[in-house]
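Note that the chains are named A, B, C and D in the order they appear, and that numbering of residues resets to 1 at the start of each chain.
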C-alpha cells in the first residue's frame, strides 16, 4: 500500500549517506566542536550572507522549538502562533511543558499577519494576563502554504516595532524556498527573522535540524539550554555533515523542488477532477476535499492522513510527497484514481 | 467616584473580622493543624453531607487553581476550559507555568457542556497532542452565568464516562448558589465534582479559599504540592475561622444573595432603558452593552471594567456588586443614570 | 504543654490587629494599588533610605522565595545556598519546581562566605553544568546565627565581582537586626543586597512578607511573575498595613529584640547547665545538645523541634521564642528544668 | 595529539554503519512503528528474557534521563543519586528543569547502597521537604566502578521495600557487563531495576539509547512524555538497527570488553609506576593521581580530562578508552610515558 502520509519515510538521500559514511574511521571532538561542524557552519553563514549568524545542530524539530523558545522567553511571556501551528497542536504541549502559554490566531491558510496579531497585543494589557513576546511561524506552514518576502518583511517589521521576536520553524523550509511562487532567499531569512531553523529530517536527512540566531542578543548561553533539554548530540557532526551536503550545489532546494513538483502533479490530477483544496496548494502538502466515498476508496488503497469531514459530503485527505517520491508512483496513482472517478 | 469594578474592595465582613480577632492571644499549632482548622473542616463536611471530603485552606484563587491542577495531572495532560475561563485568560499563564496546556472551547455564556468538550476529545487522538484530562468550570462563570444542577450532573457524568476529572472554581460560588435560578446545593457539589473550591475573598473574607477533594483518589500527598507552591499559610486558621463563620447561619449564601440582589436592581434599571446584555444576567456581574456615548459618561463618573466595543455603536461595561454594596449606592446611580438617558 | 517550636503560633501582635481592623468599612482599590500599600511603601523606602526601592507585598515566605528567584534566573541558572538553607531543605523543592537547581555549600553555622562559594564557581565551568547565578542567604540563618555588616558587604562585593546576584531571605530579619551582636542597618540591606524580603509572619503579622528590589535591573515585570505564581493578594493592603505598623516607632526591631531576649534567658539557663550548642546562639533560635535522657524529659513536657542525635549520647533540640513569649513562661521552664538536672 | 578524553569520538562501529546503510531505499513507517524497530525490540526482549518489557528508542542520554524521570515522578517527588551522578552534575540541571530535586549521597566510588539511602529517607519526613521516590544509579558509574549482582539485587529489594523506584543509567552498560569482575546479566537488569537504558553512543553507535521499562506500572502513556520532550525521532529505526546489531553475536559485550581491555593495559602501566587511583579501576575509565609535573607533561601531549588537584602534590587525570582504541595507541603512550618517569 503506497504511502503519501509524510516526507520522512526514507532514511536519507544517497548523497547525505555518502558524506555521513565518510566520517567513519576518524577521531573527532565531541559536542559540536569538530571540524565538520565548523565547516558546515561556515558554509551556512555564506549561504545566508550573514557572517555573525550563530548556528547550532539539533536532533529534531520539537526539541528545537522547545529549546529555542524556552531559552528566549521570561517565565510569564507567551508565544503567538497560528491555531494550526505545530507548536500549538502537534508537540504534546512541549512549549507549555517549559512554562509558556501559546496564544493563537484563527487562520484559514496557516499564516500569521500583523492584522491577526494586533488584537492579541491589545487584549493582553496587564499583569493578569501573559505577555505576548515571540511570534512563531512556519514556512511552509502546516497547511502547505508559503510566505512571500513582502509578507515576511512586513511581519518582521511589525515585530520589531512591537518589541516581539520572530521565530520561523523551517521543518519544510526547502519546500518553501523551492516553491514556484516563492521569492524569499536564504539571506532574507537572516534579515527578516530573529531566529529560524533549517529543517533536515523532511528534506533527506536521517535526523537533524539547524538553528540560526540572527539576533545575537538572544543566543547568549544557548548551549546551556541545549544541554539542559538534551539537545546536544555527543556526535553533532552526524547532523553537520548532512546539513553541509544539503548546502552544496543547491541540493537543499533541489530536493525541495522535487517534492513540490511531485505534489504539483497530484494537484493537477485533483484539479482536473474538479476537487477543491482546504488551503492553496503551494508546496509538497495537499489538503484535498474528496466526496466521502472517494475518500474512503483512496484510504483503502493508499496511506494518507485523514483530517476528518469538512462538511457532510466531503472528507479532507492530506497528500504529502518527498524528495524520494518517484514520478511513476504519481502516475500509478493517477491511473488508479481515474478508474474511481 | 463610586466603584462597581469588583467584589473584593472591602477588607472583610464584620462577622468575619470579629471571629478573626477572637483568635488573638492564643498559642496555636501552625500549618493547618490547629483546632480552628479542624472545626471549620468539620462544619464544611456537614454542609456538604460528605464525611470523607478532604479539605484545605488556601491563600487565594490563582494559587488554588494552579496547585490543584498541577497536583492532579501528569506532565502531558491538559485542562479543558471555556475560552473565557479564569485559568485561560486572567492568571498570567499560571497553569502553563506548571507545564500544562489549557485547551479551550468557544462559548457565548462561559459554560461548558459535553457537546463543547466532545470535539476536543475526538481531535486529541494520539501522543503527538496533549491528553485532555481535567475539565475546569467556574460557577458563577466569568460572565456571571450559573450552572443548573442538571447541567452540572450531566457534565460530571460525561467526565466520569470519558475518564476526565471535573474541577469547579468557586471564587463566586456564593453568588451562584444564591442565584434566583440556582438549584444546586452544597451536597450536589460534593457529588458532582471531583474537586472544587469555596471562594472567600469575593464573599466577605479578607483572604482565603477552601479546597475540597471529593474524589479521594486525587488528594494523596496534596499537602506536598501545597507547600511546594507556597500555598500553606503558617497561620492557616486565619482562613479557617472566616470560612467557618461563612458556613454558620447561612452567612455565605446571605452574602451571595445580597450581592445578586444589588446587581438585580441594576439589571432592572438597564432593562428599563432597553439595553442588552453580553450574557444572561444571573448573579452579581452584569455585562451591559451601552451606546458608546453613554458608556463614556458612565466611565467618567463611575469605576467599572470596560470590555471594549461589541460593535461600532456599543461598548460593553461590567458592573460588579458585592456583599457590601448599599442600596443607596444603587439608587444614587439610578438617579444619575436617568439624567443621561 | 508549652510550645517552644516556633515563632508563628499567635495570630498577630495587638497593634497590627488594630491597624488591620481600621481598614474595615472602606472601599479600596484591589491588587496593591490602594493608599495603604502606597503609604507602607513610602515608609519602608524611608527606613531603607532608598527612594527608588521597588516594593511588593507577598502572602508568605516560600512563595516569596520561589517568585523572586524564578523571576530573576534564566532556565539554566542555579541558586547557591548553605546546605541548611530554607530553599534547599524546607520548601518541598519549590525552587526546583520552577526549574532551577540549588547548589549547596556545607557550613557549620548556616552562613555563606566568598570562600565557600568560590569552589562552586570554579567547578561549574561549562555548559554541561548549571550556571551558578544567585546567592541565597538568610538573616538570621536557619541555625539562628547572624551576619555582620562586614560579612554582608564582603559577600555582596564578591557577588558583584563575579556577576552573581545576592538575595537575602529575611523571614526572621527582625531578630537579626535586633541581635546584640548585629551591626547591620536597614540602609545596609538596601546597599548590600540585590533583593531581600522583610519577614512579617514570624514577627507579629498574621501573614505577609515584603519584597524589596534594590537592583532595579531585576524587577522589570515582577508583577507578572507574582500573578502567575498566585502571589498577588486581591486585598494586598492586609499585608501593607501590618508592615507599615511594624515600621512605625521601631516596632519591628522591638519585637525582634523581645524574641531574642527571651531566647537569651533560655541560653543562660542552658549555659549554666554546661550544655553546648549546635550553632552559636545569637537570636531567637537555640539548638541545644542535651544528654539523651534529658532531651526525652523535655520532649515529654514541652513542644520543641527535635533534630535527632548529634552523637550517641546527645540529642539536639531547638528552642524558638517569639514576640509573644512571656518572661514567666521562661521562668516556669527554668524551674522545671532545674529539677531534671 | 592523541585523545583519551572519551568514548564517543568515532562516528560508529563498521557493523553498525553497515546495517544502518541497508535501511536506505526503503519506505518506512515513522515514529517508531516500523519493522526495524519491532525486530530490535523483539531481540532485546529475548536478550533480557523479558517478554513484556516495554522498549523505546531515544536520541541521547540526557534526554533519556529527563524524559523517564519526569514521566515517573509526581511534582513534589525527588531523585536520589550519588553526588557524582550524571543527572546531578553533568546535565545542566535537566532534572530540576522538569521540576524535580536531586538529593545526593556522598560516595567515594560513585555507588549507592541502602546504607547511603536510609538517612535520606529518614531525614525527609514530612511535606515541608521533597518526597524521595526514585533511586538513580549508573553502571558503570561516573567513576568507572561497577555494581555486583548482589549489590544491585540488594538495592532493588531495598527500593521495593521502601516504595522507591530503581532506575539504572546504562550509558556505559557494555563496559559494566563486560568487566572482569562483573556478574550481572541482561536478565538481571530486567529483574532488578524498574527502568534502565542500554547505552549506544558510547558503545559504537552514532547516536541512540534504548529505554526498557520492566515495571509496566510506570510506562503508561510514555510516548506522550517522549513526544513532549522532543525524544521521538521521526526515523526511530536509525537507532533501532544499531541497537539490534549490537545485540547480535554478542557485539555489545565484545565492544565493552575491548574498551575495558585497553583501559586495563593503561592501568597496568600506571600501577607499575606506583600511581594511585581515585576510584577502583574496573572498566574503561581510569582516574589516576599523577604528581603535578607528570600530569602537566601528559596534558601537553595527550587530550585527557583533568579533574583538578587531589592534594597539593597531585593532579587527577581521567583516561577513557573505547571500542575503537587501538593497542598500538596504548603502546605508543606507554613508551612515551616511560620516558617521563
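Basically, contacts are C-beta pairs under 8 Å (C-beta built on N, C-alpha and C of every residue); 3 or more make two chains touch, one makes a residue touch a chain.
Values in this document were obtained by computation on a predicted structure and should not be read as measured data.
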Which neighbours does chain B have in common with chain C? A, D
Of C-D and A-D, the pair with more C-beta contacts is A-D
Greatest separation from chain A - chain, by CA centre: C
Between the Cα centroids of chain C and chain D the separation in whole angstrom comes to 42
Need the CA-centroid distance for the pair chain B / chain D, whole Å please. 50
Whole-Å distance, C-alpha centre of chain A to that of chain D, is 34
Among the residues of chain A, which are close enough to touch at least two other chains? 75-76, 91-93, 97-99, 127-128, 130, 224, 227-228, 232
In their shared complex, chain B is touched by residues of chain C numbered 3, 5-6, 8-12, 14, 17, 20-21, 23-30, 59-67, 91-94, 97, 201-202, 206-207, 224, 227-235, 237-238, 324
Touching residues of chain D toward chain C in the complex: what are they? 75-76, 78, 89-93, 96-102, 127-130
Residue ranges of chain B touching chain D (in the complex, touch as defined): 70-71, 74-76, 98-99, 127-128, 130-131, 221, 223-228, 232
